[in-house]
Amino acid sequence: MTDLTLDITIHLAKIALIFFVVLTLAAYLVFAERRLLAWIQDRKGPNRVGPFGLLQPLADLIKLLTKEDFRPPQADKWLFYLAPAMAAIPAILTFAVIPFGAPVRLLGREVPLQVADLNVGLLFFMALSSIAVYGVALGGWASNSKYALLGSIRGLAQLISYELSMGLSLVPTVMLAGSLRLSEIVAAQKGVWFIVYQPLAFAIFLVSIAAECKRIPFDIPEAEGELVAGFHTEYSGMRFGLFFVGEYINIIVLGGLATTFFLGGWHGPLLPSFVWFVAKTLAFAFFFIWMRGTLPRLRYDQLMHLGWKVLTPLALVNILATGWWLMIRELR
Amino acid sequence: MEPAIFYILAAVTVIATLFAIAEKHAVHAIVYLVTSFFALSVIFFMLGAPVVAVFEVIIYAGAIMVLFLFVIMMLDLGHPERARLPGGRDWWPALVLGAVTLAAALTLFVSRGPAASAAGKAIGVKEFALALFGKYGVAVEVISLQLLFALVGALYLGKRRNDRGEGGRRLGEGQSLLREERHP
Amino acid sequence: MIVPYEHVLVLAGILFALGLVCVMVWRLNLIMLLIGIEIMLNATMLAFVGGAARWGMADGQVFSLVIMAMTSAEVSLALAMVVYLHRRKKTVEADEFSELKG
Amino acid sequence: MAPFTKPMPIFNDLKALATGLFVTWKHIFRRPVTVEYPDAKRTPYPRYRARIVLTRDPDGGERCVACYLCSAACPVDCISMEAAEGEGGRRYARWFRINFSRCIFCGLCAEACPTLAIQMTPDYEICERDVMELVYEKEDLLIDGCGKDPEYNFYRHAGIGVVNPRGGNPDEEPPVDVRGLMP
């Protein structure tokens, strides 16, 4: 086996591992969300399929696959078929740049647990999250339904607005780490996690990612009760499933990124690095579910007010303060 | 192998752009154009400009085209049957001008021939940032001022004035647009 | 530099020509006109980036970034204008706005 | 609003958020109130309004006198019947039909029934795959017991039939001839 083949094999193995783990986690996140929400509401949740209901994701999958794949007759055919993929693919692509564990020794070589260590990793994530808008926008527009269109217009405005505060809240971490490479950002947090230096940036990032993955306090694009189901009103079967699973992959990915940027990535005592990363990511997922069980939905104007008049100026001030602080530390 | 990828991406870019400008449906045109920008961004990456490549996706595909999409969706312009197609007299000057530009490009290609390419090194993020904020610091300031002016201008244009009949009734439309404009 | 600079320039030239054709042909439709301008600016950026790669200097990349920032300002203003015009006449066809024609 | 005269509202907001999160956190560990239905069944109260039955007298005869009052009271018109007269003027329903796919279990029929024949029972498990099986005929409705008021017997209170013709009873005027009033 030559070096090149070995390299390619290891890369493919990593990609396959990420696909398998992330998709399974996403499916089980749906289940965990239903159970946790049920407990919060003093119910029991799905517990009939398999022991403790653990086979529920499989049952959901079979149900979605066997449902009728309906397309509204007035819909724009190709965009209607394309939009769910556009929503799900950027979410899972982002995982390419996240380091999910310390480098391991495998077959006599150092293998970093990361698919691609781009030197612009952080910007890569920003780019993909700005691309994720298209799934929402085109899906809603192509359905040719008024609810879907309203949902997608709301989604467009929301995603673009919160992307800005999300990007700005990440600038201080870049300033502290001195690199856009995610592995170096993680390496810079070996001693002290960035959440200690940057609690404000962390709070802004947390709110922004909740808005980015359209979770409940910010689920204006799909507000049931106002817009039926928002931008995916007209979708059924596995196409709806793609939107759905994309949303949950997004939760995992954004939780992983929050871990990487603020909670020290895979650093942690005693346990293996991979376990630490998964545990921190799942803690974020749990927090999102918990928030969903607690908070009511914001109004559209409140959302815009929060994004543009509170989070973005705060993030800018935070960048300025971080700059001054770094300069003073440099001078001393 | 890398040149082959470059030519494939170049073909994708040109074909997608061609489809985009031949499409009478504005939303489809934007989707084609986003495809073209993606291919172009990979070309940028291969030309050793990762930052520009990523910003191409963030700003062009993720913000400007989304802004177009937003305006089209908001003003309900996505009806090709209502749009007026360009007449025959519009085609001739366009084709002549395009042909002239194309001929100039091809002349360049033919006259010099593929010269030996200089081994340009890839430009890292740090070098790029030093050039941007050091050598061209004034340009950054000017651009930021320009963005501010654009913001104020868009705010002024988007404002509904109350002296025109229906003013103030459909407030949300103008407001949400304004909020979009600040993003790039 | 993976390919000769001339090839990059030819690609930029073709893109620029396509953008120009788009602007000329779709003179009536303001949206398509703006899209044509975007295509032309992209072609320019490609030429700049190719130059940066050819001579190994960051300046070309800086210029393409400046172009991008300029474009975003331009597009935001232009689209605000489109919304304003659409509000006045319920159309985005350029020929409808010829009131100042002598 | 003068600044610094009252505590910053953001702290109140954060406190409200934290309170809400704490409440839901407590509820995670609380015992669920769910009754897992097909496995665990709850006993309904005796006056629960579910499947409708026709009851019998203490003597074993049918209580229903086919007076149509239940049918008239029914807001969704799910009760229908045909009256018939037995020997001695004893009225009964030749057939009696309740369409349970329409019934809303409001209990107005039971309220209206003068003979306490139609009554509601706590039996709520009447689902069917085929909707036509929800149309209950008299044989399905009639039960052997006498339901909620075991002592009640309508005909023992009222007697069967009208003994004398109209106006023939002791303190009764003869019937008015409506045509005689006409000019």
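To keep things simple, chains are lettered A, B, C and D as they appear, and every chain counts its residues starting from 1.
Assume a contact is a pair of C-beta atoms (placed from the backbone, for glycine too) under 8 Å apart; a residue touches a chain by one contact, two chains touch by 3 or more.
Since the structure is predicted, the reported quantities are computational estimates derived from the model, not experimental observations.
Applying the stated touch criterion, the connected components after chain A is left out read B, C | D. Of all chains, the one whose CA centroid is most distant from that of chain C is D. Centrality by C-alpha centroid: the chain sitting nearest the overall protein C-alpha mean is A. Centres computed as Cα averages put chain C at a distance of 75 Å from chain D.
With centres set at the average Cα position, the gap from chain A to chain C is 33 Å. Centre-to-centre separation between chain B and chain D, using Cα means, comes to 70 Å. Centre-to-centre spacing of chain A and chain B amounts to 27 Å, using the average Cα coordinate of each chain.
Which chains touch which is summed up as A-B, A-D, B-C.
Of all residues in chain C, only 1-29, 31-32, 34-36, 38-39, 42, 45-46, 49-50, 52-59, 61-62, 64-66, 68-77, 79-84, 86, 92-93 touch chain B in the complex they form. Put simply, chain B touches chain C in their complex at residues 2-3, 6-7, 10, 13-14, 17-18, 20-21, 26, 29-30, 33, 36-37, 40, 43-44, 46-49, 51-52, 55-56, 59-60, 63-64, 67-68, 71-72, 74-75, 77, 83-84, 86, 90-91, 93-95, 97-99, 101-102, 104-106, 108-109, 112-123, 127-128, 130-132, 135-136, 139, 143, 146-147, 149-151, 153-154, 157-158, 174, 177-178, 180-182, 184. Of all the residues in chain D, the ones that touch chain A in their complex are 17, 20-21, 23-25, 27-34, 36. Contact residues on chain B toward chain A in their complex (touch as defined above): 27-28, 31, 34, 50-51, 53-55, 57-58, 61-63, 66, 69-70, 73-74, 78, 124-125, 172, 175-176, 179-180, 182-183. Residues 76, 79, 118-120, 123-124, 126-127, 130-131, 133-134, 137-138, 141, 149, 152-153, 156-157, 160-161, 163-164, 179-180, 300-301, 304, 307-308 of chain A are the ones that touch chain B when the two sit in their complex.
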